[in-house]
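So that you can tell them apart, the chains are marked A, B, C, D, E and F in the order they are listed, and the count of residues begins at 1 in each.
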Amino acid sequence: MATFGLIEYGDASPEVRAVYDDIMATRKTDRINNFWKALASHPPTLRRTWESVKEVMRPGALDALTKEMIYLAVSASNGCDYCISSHTASARQHGMTDEMLGELLAVVGMANETNRLADGYQVEIDPAFRAPA
Amino acid sequence: MATFGLIEYGDASPEVRAVYDDIMATRKTDRINNFWKALASHPPTLRRTWESVKEVMRPGALDALTKEMIYLAVSASNGCDYCISSHTASARQHGMTDEMLGELLAVVGMANETNRLADGYQVEIDPAFRAPA
Amino acid sequence: MATFGLIEYGDASPEVRAVYDDIMATRKTDRINNFWKALASHPPTLRRTWESVKEVMRPGALDALTKEMIYLAVSASNGCDYCISSHTASARQHGMTDEMLGELLAVVGMANETNRLADGYQVEIDPAFRAPA
Amino acid sequence: MATFGLIEYGDASPEVRAVYDDIMATRKTDRINNFWKALASHPPTLRRTWESVKEVMRPGALDALTKEMIYLAVSASNGCDYCISSHTASARQHGMTDEMLGELLAVVGMANETNRLADGYQVEIDPAFRAPA
Amino acid sequence: MATFGLIEYGDASPEVRAVYDDIMATRKTDRINNFWKALASHPPTLRRTWESVKEVMRPGALDALTKEMIYLAVSASNGCDYCISSHTASARQHGMTDEMLGELLAVVGMANETNRLADGYQVEIDPAFRAPA
Amino acid sequence: MATFGLIEYGDASPEVRAVYDDIMATRKTDRINNFWKALASHPPTLRRTWESVKEVMRPGALDALTKEMIYLAVSASNGCDYCISSHTASARQHGMTDEMLGELLAVVGMANETNRLADGYQVEIDPAFRAPA
């Protein structure tokens, strides 16, 4: 059960409804995910988070699918159950196949292994990797 | 200073040299990163890790650049200094531009923010996100 | 199901009962949380952890509410479901309002975002932030 | 060395200067931290992050000092060197004493210990901690 | 529900069955854990992960029980529910007693506390701890 | 530079000196690590942390070397530079060989990989791993 419960459209204030409307229009859906219904208990966080997500996830130098896969990779690495579920679903909507997901998770696992090996072996950074002054 | 120091090619056993040779041949370079020189103190880990990285990072359903960016995203999320440095460099070698890196880190930051909001608000997973039985 | 199950007061050894009694007396309650009932399977850990929590969470230069909110912030950042639940409840008992919780989680989310940006951009520490020698 | 180096005011575009000006005006300082100079390589992230930080850290139901301490607690828990340094400095500017910092870090350490105990013992959440339906 | 569901032996391809057969032979069991059944959706990850786990967990300079306890310690520290459950079970099969598990989790908790204190206090590494050049 | 600098024996209060004396007597050394000198700025945290570490790390059902290796495994997994350095040194003092360290870090890396795979594939816990009611 979410801390504050979930705020449905019918029970929402005009400020919250305006965000819900923008989410549904931007995503071309008539469904609001539980994440947003939970954040709606603190409208400034709902509005700011949605505005940021909308801006950050918009296609740019990286396309929408690549962005979704990076989001999922971070969420899998953090072990956030909700985020893994929701971004697996949205990456698939953007075209991620089963084979792509298999490879994505293989990279996430491998990166977590080598991150700990690099830290554990106390490896100093190669001069070649440092940015030029 | 790495825990065991770094094992240079000239000081390496034949077993280690064979891995170094394969790294240089696969990556078309004559340089071995400190990470591998540090792992060389435990040859089974050097060999196994290199074989895994070579297999996982090979282009497949995801191209090499996308895989490098996912690797970098996880490393930035874990705060592994060495891995951030080395995979920023290698992602750039595979074609990541400054603008792409800017967007990648924006997604990483955003995912970490929303991961904590989803956990903190104790949001339950939407039925729509669950895999079909 | 907790690894060892939960040890109820009636089934507890005198050593465990003494800790339970002190928890109930200190917190002015007649209920023992599952956390303590689970730790009771290893009485030295139960005793030491309770003594430490009691000392650390006692009002001092920081009041009890501020301490509870810091505890909750760390727990939300770590994604520990049990700790988020229990410290949301106890912070509320100490006076945290819904609005305060909304702002707390906004700070937690923001800190996680900027932590990853600082690491990902490999930002060097400003001389002004270093402690004087 | 930051990935893209640091962009000084004199070298900044008008878009970046506008953010720098707002940071200095809001914080009543004439210094820009390295964090912002590093983010300036990707102006949308600079602008969005600053706008979010400004909104989130503004005094509200929680005062500015409490917010800074929560930020520092998360940063210490994440092991982000830059963020620990900078937010230790800014929390002190908002009035955090040495004694308060000592207690803050004690809570952070304790929360990390008990978070792992709760997870490691697989403790189920008490019904009393669940939000009412 | 696992992302791809679980692939049972009867529904598995010959490639997957070969891994399942090797798992059951190596572990002297006729049961396949859900972890492997979930990975079976991406056979290269199933095969590579099993080969790595088999090699890494084989008794060597460290015996099998010590390795299982280190695995469990990392899993408890990461808060991975599945891994805590499965490695608590397998460490017990290798001889871990309740008392040993109690002490293991006490060390895990303590290490997490002092890790955050060391980072939070920004402690510089003692020269004596650095590896000789 | 540690946040508060390091408090040397000669400059320490009687309360701090008593802890330093006990550390040196318990560990049969005449050197105090920087960690304790940094914590000395908050004497209650110095005392409580030392008392806890002394109790937890004392040989019991697990011997001192196994406890040190678990401590190091958690520290490598958390990426705590100070703790990796200091506990690599102390594990070696308790008899950890280079080969044992190599295997330890291999397990740490592997556990981090499989932790993320288990989370990323959303694997449900096998009924067999659940504790009996």
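Note that in this section contacts are C-beta pairs under 8 Å (C-beta built on N, C-alpha and C of every residue); 3 or more make two chains touch, one makes a residue touch a chain.
None of these values were measured; they are calculated from a predicted model.
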Partner chains shared by subunit C and subunit D (touch criterion as defined above): A, B, E, F
Same-interface partner of C-D, chosen from the options B-D, A-E or A-B, over half of the pairs matching: A-B
Rigid-body rotation angle, subunit F and subunit A, from Cα fit (steps of 5°): 180
Whole-Å gap between the CA centroids of subunit A and subunit C: 27
Distance between chain centroids, defined by C-alpha means - subunit B, subunit C (Å): 33
Centroid distance [mean C-alpha coordinates] between subunit F and subunit C, Å: 20
Numbers and ranges of subunit D residues touching at least 2 other chains: 1-4, 41, 44-45, 48-49, 52, 56, 77-81, 85, 88, 99, 102-103, 105-106, 108-110, 112-115, 117, 119-122, 130-131
Complex contacts: residues of subunit B adjacent to subunit D: 79, 88, 98-99, 101-103, 105-106, 109, 122
Of subunit B, residues touching subunit F in the complex: 3-4, 41-42, 44-45, 48-49, 78-80, 131
Touching residues on subunit A, where the partner in the complex is subunit D: 1-5, 44, 48, 52, 55-56, 130-133
Residue ranges of subunit E touching subunit D (in the complex, touch as defined): 76-77, 79, 81, 84-85, 88, 105, 108-110, 112-117, 119-122
Contacting residues of subunit A [partner subunit B, same complex]: 1-4, 31, 33-35, 38-39, 41, 45, 49, 52-53, 56-57, 60-62, 66-67, 69-71, 73-75, 77-78, 80-83, 85-86, 88-89, 97, 99-100, 102-104, 106-108, 110-115, 117-126, 128-130
